[in-house]
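Please find the structures below.
Look at the two complexes coming up: subunit A is in both, with subunit B in one and subunit C in the other.
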Partner chain A sequence: MSTASSGFKLSEWIFSTDHKRIGILYLIGSIAAFAVAGIMALLIRIEQSAPGPTIVSDVYTGGDQYNVWLYFHGAAMILGFLIPGLTGFAANYLLPLMIGAKDVAFPRINALSVWLFWAGIVVALMTFIVPDKPDVMWTGYPPYSVTTAGNTSLYVFTVHLMGFSSILAAVNFLVTIIYMRAPGMGWNQLNMFVWSCFTALIIQLIFVPVLASAVTLLLFDRYLGTHFFDPANGGDVLLYQNLFWFYSHPAVYVIFLPAMGIFYEIFATMAKNPIFNYKAAVYGGMCLLVAISGEVWIHHLYYSGMPDWLRLGQMVTTLLISVPVGLMTISLFGTLYKGAITFNIPMYYGTAALYLLLIGGLTGIPLALTAMSVHLGETSFTHAHFHFIMGIFATFSVFAAVDFWFPKISGRMLNVKQGKIGFWFNFIGVNITFWPLFIIGVEGMPRRYWDYSQFPAHFAGYHKVATIGAFIVAIGMVMTISNWILSAIKGEKATDNPWGSNSLEWTHTATPPGPGNFPKPVTVDANWTPYTYK
Partner chain B sequence: MSKSASGHAQPHVHHWETSAAPLLIVLGILLLVVFGFVSWFSYNNILYTQICAGLGVPLLLAGIAKWTAEALTQEPVMEGLTPIALPIFIVSEVFIFLGLFISYWTMRLSAGPNWPPAGTPTDMNLVLPIIMTVILVASSLTFHVAEEKMTHNDIGGFRLWLFLSIVLGGIFLGCTIYEYSHLFHMNFKPSTNAYSTAFYSITGFHASHVVVGLGAFLTVLIAAMAGRTNKYLTFCVGLYWHFVDVVWFFVVSQIYYW
Partner chain C sequence: MKRAVSAMVLMGLGLHAAMAGAGEKVAMPDPTASWNHLWYHVLIDLAIIGIIFLTAGLYWVWKYRATRPNQIGEGPKLSKIGAISFAVVPAFLFMADDFYLAAKGWTVWNEYRNVPRNAMEVKVTGSMWSWAFEYDNGVSTTFMPDSKEGEGLVVPVGKPVVLRMTSTDVVHSFFLPDYRVKEDLMPGRVTYLWFQPNKEGETIATCAEYCGNRHSFMWTKVKVVPQAEYDTWVAKQKQGAGA
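== the complex of A and B ==
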């Protein structure tokens, strides 16, 4: 099958309202954010490779420089890479194809979303131009964010632009999923990825506005002199932390859910199995996760002070999260059971993800327990925990998604050798980076410190190992991303359905899909599911 | 695809759909709101602010005009989805206002009997909010009449009653500006105390929604002047306006009368 348009026209990209092209614009933007935020991570690691100033100028200004790196690394990775990489790129490209729709419900609003996201990237990158660089982490806690010389408004507007983009995308995709499924496609016949986006976007719709209001009040406090977070004048400094985490804890599920959705798709296709316990994973896993996601945020305030009964209640709700997550994980493992598994690059990442899920998930339990979290909470143990589950697990899901759908998106096959070598660098590198941080975290290495000369001298050795690991990861990332670019240009031509998948985006479209997606309207019957393999 | 083109029905040629409107709007927002704010508040640079606003406003207006023109002339991907999407969006708006009100309630309740805090004028005007409520409810009613006129294909009546709604909304905004300047005159500013903090933030945030609603009304009116109407668009604009109206009840009861 041929697609109508040939050749590259810039106006067909920057003015595009087609969901596939918008998805690719999301991918380009999020990979750009990922690269710059990754460089920040390297700077952080180099600085920590020895106690005392390493690459910062001196002990007096070192903290300020280090804070800027922390700010950009956190804000860009979460707001600029993970969320737009999953609910932006992957949802945009795949979701309409999976439900058999010719586009999303509101293509122009979709284009508005992607450009708002890009505007957010531009504002975030202003960090490197302005003299008063923002230095408020990705959390922007007052009173520091109100009193710092850094430019907090850039942080606030980055959140506003990305947040508005997310809200519009959520409205758009929720309507699309509810009303534009192919005739005959029932709710229990949806792809797991569609379900995971549906639930993640409900979280976006409800919780992002609360973050938007929190940072707006921060802007007022900083620039209009209001007193929302100023206890001296009747405000409440913990109010911000509550509003912030009310969104930002569920935000980890916005990342986690589509990441799981991607691995379900890959596992089912590569094992040629139906999803194990589909309904339990969807209703007991994803839907229950959304339902209780809004009741756990206070565990981020364990160290900010709260009554004991509240701490105890939060411990219970936090541990309760392992019920839906456990159901989803069981079904992920079960999907592989007795399958004839094709072990290729997406499966490499998938298998690694099972391990990351296990380590990252299990290390969350001590952090939820109030007694242990007093000891571990503000150490690099926490840092390693959330990098395993939220950072690396989710990053691997984006990589797996690009690798898995690469033939469909680009019409070409990836260079397998380079992809596999890149994977091993990534996988070995993250383990070398974060295991030492678990260990010294237990021994008391605090988070966010650039200078740890007052701590036991043997911490430096662990930090050095972690820094070496970070560079190994960097090599793997460069290999992975350059592989996409090179293979998209000169890779071997792909067939329409190289993995033999039963999902609509593989079986019913051209490679790559043209405008309007499907050559003829799609209908499915009651026996069809994306996972019906003989 | 087809064997030979002669006489055979050609397959429908698709094009990549494009629209410049979203990019124009985003550039406008970026320049006017973000860079304008940053130039003014962070760098106190009036020239940069003027340049950003001078470029941002036309881009934003051009984007909105183009968007509206396309929305009224082109076929949607699927008919009739906007009246479903807008209420979903309003859920989101509800949570923004909840965030603001929760902040206010936190300060209000933790203050205990020391409310209103020192610095608040003892003679706050409590008649004006009632008048403003009447005006806003009246504008919702006039818009309802406008919608009725449209369902009876009375485009002239639609324009007239829509125009009346815009006038009433404008008077409402005028009242806000009058009230603000009066209070500023009495040295009651956003930075004065906890009450002024909540007062200006919440009424100001509501007023910004009135501005958006009026902008939407104007867009519909201009399109109606050119003879183009769309029942879904009108419904959505009206629903948004009613929502702003409902929020105002909370503003009045919580901010002025509690």
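== the complex of A and C ==
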């Protein structure tokens, strides 16, 4: 995986300011977080496979063990895998290449971002060695997070480190995109992935500080004796929930936008087609989504005792998200129309993404309705909904990205057979896992329960099927990730542009790209776009 | 092609609107029934949109496979008017559906929030990890999930019940799955929900906001009984408390 010609030296990686190496460091860190959080998911699923204690010791301490797994699964998947996998790995590796730049605007700040990210991973992993393991879920709602015996500070510091890392990365990439595009490259000639990161990072820059302030107040309440969230002393419980979701709903789009961006790249390349209605997807889709993203957070507080007018107002704004997302979807589907589609591993994931986007997106509509949400919210219906769109759709986009750019990154081709078998395990497994949860969710199965003896006996059957599905996914994940490692070492050598793409990272660089990226400075003319195949 | 797609979408919405028109009015407000009714409409709505998109997507994926190496796609280059219409028309169709759903959702939401005047009031207090109920006639009950001891919430059939709720420690949520309703409880605020117990029998309410170790066990019996039985129950509770 080296991007320089000399042999491997660890210090050359740790102190590297090359965006490609930093991207790979992000990838390794986020896959590590993904693996540990994935093991937590398996533990959760085994525990839920039957009512009563399955692998936890007994009914009295069972919750203490199970809640730590849930906490780590949620926090690590979102903060440690999805956001860094997309805006860390993919954005780092690809943005400068796609816009024809030698590196990012501030390479040293970029190195600081990845160090902070790794520090965040280490702090998150300390969950497993401290005696008072954090158990506050990834949401960390007070008063529980203030009164629990669990170590809330680990949660706060993980958010601080990851958040600081994200803010630095956001500033860095926004400046890079605005000022370092190749001469002649206009805004309407940018790759969709560049646009998706541009919009996602604007969200990060605006909203991460709000989350950071919320968890900092939590830290003060817990350890310094302040009362921001303590109603007995004039504080307010709901203040935290508002601050938290004011960031954390837009954060969903920080994940969703680059995931869409990756699938646009794959579709355009594999179908050898221009992006269908590019401007509608960019301005009506991505930019409008950023504009709406900050006005919908109340849908996470539909049954939290907020004033009714606010619940109704944000029901309307939440429903209106269908406009930008719908325009992006039409453009994604339309890119296939009259194409010349080649099927390979990235395109397998792309085709699955069409389905995942629809299931995950459409099941969000009942949850957007205040009146529906008072029943479906906090049930396994909600859980299955956000796993389809944010969990699986986005995870598949990271996998598709690694598979698609693998020849460029490693200089070698993946083992196609192993990749395809891994895909089928992943795809079939996620459906077996999450469809049963949709069904019992409508019947009232709550989230975050490890025991459900009070519910009808047939729930156990559905949970059992979901657990089997989780293990099928696990096989697929092991096959996929081991394929990357083995193929990086001994895969067949790749040519410079194996997919015949028209994007700069394929047409103008060596495989893998050397330091400085481009052998000759890049300029483009007014007719160039990454998608002009005719 | 363009025309075919928009015709399909319009047909879908038309069909949908026609179905929505049939048999709306319920004499007495019953949010549970309205929820079930709305759920049915939402499912149809989602199925129409999902099937249109998924069919188009999968059909195109299958139909436009490359047949020879180095083949180039023949995707359309939209004219200015084409591009604008392909943004504005779908945007309005999506908005139409949004406002249609919002209007229906709004109606049901009003039922959920407007408590009938004759509602019986019960005060609910959530604590880690149990529920306590206080009736306006002075009776108070609890429920212990471990031993399954205690009366839980007992209400007479046919009379709306409003719960005024608060918490002594952390955030909880009173979730009645069979009545399709939940609302959070938290210290420092009083929240409410109401439901219409139309069927006799026993069901459960369970906590739906993460509250620590025994969150999964924070449930209570909810019993709906005939008025006569309820009156005897109340008398018995008062006697028990007095003795």
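Keep this in mind: the second predicted complex is superposed on the first by the 530 of 534 C-alpha atoms of A that agree within 3 Å, B and C clash if a C-alpha of one lies under 4 Å from a C-alpha of the other, contacts with A are read in each partner's own complex, and residues count from 1 in each chain.
The rule we apply is simple: a residue touches a chain if its C-beta (ideal position, glycine included) is under 8 Å from a C-beta of that chain, and two chains touch if they have at least 3 such contacts.
The model shown is predicted, which means the values in this text are computed figures rather than measured ones.
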item: Which of subunit B and subunit C A:424 touches, first, second, both or neither; value: neither
item: Which superposed partner A:528 touches (first subunit B, second subunit C, both, neither); value: neither
item: Touched partner set for A:342, first subunit B, second subunit C, both or neither; value: second
item: Which of subunit B and subunit C A:236 touches, first, second, both or neither; value: both
item: Which of subunit B and subunit C A:386 touches, first, second, both or neither; value: neither
item: Contacts of A:284 with subunit B and subunit C, given as first, second, both or neither; value: second
item: Contacts of A:443 with subunit B and subunit C, given as first, second, both or neither; value: second
item: Those residues of subunit A which subunit B touches in one complex and subunit C touches in the other; value: 235-236
item: Residue numbers on subunit B that touch subunit A, as the complex places them; value: 1, 11, 13-23, 25-27, 29-30, 33-34, 37-38, 41-42, 67, 70-71, 76-78, 81-82, 84-85, 88-89, 91-100, 102-103, 106-107, 110-111, 117, 189-191, 193-194, 196-198, 200-201, 205
item: Residues of subunit A defined as touching subunit B within the complex; value: 1-2, 4-5, 11-12, 14-18, 21, 101-109, 111-112, 115-116, 118-119, 122-123, 130, 132, 151, 153-154, 157, 161, 167-168, 170-172, 174-175, 178-180, 205-210, 212-214, 216-217, 220, 223-228, 233-236, 239, 243, 514-516, 519
item: Subunit C-facing residues of subunit A, complex; value: 59-61, 63-64, 67, 135, 137, 139, 141-144, 147-148, 231-232, 235-238, 271-274, 276-277, 279-280, 284, 303-305, 308, 311-312, 315-316, 319-320, 322-323, 326-327, 329-330, 333-343, 351, 354-355, 358-359, 362-363, 365-366, 369-372, 374-375, 377-379, 442-444, 446-452, 454-455, 500, 533-534
item: Residues of subunit C defined as touching subunit A within the complex; value: 1, 31, 34-35, 38-39, 42, 45-46, 49-50, 53-54, 56-58, 60-61, 64-67, 70-78, 83, 86-87, 90-91, 94-95, 97-99, 101-102, 104-106, 108-109, 111-113, 145-146, 169-171, 173, 175, 177-178, 180-184, 186-189, 191, 193, 204, 206-217, 219
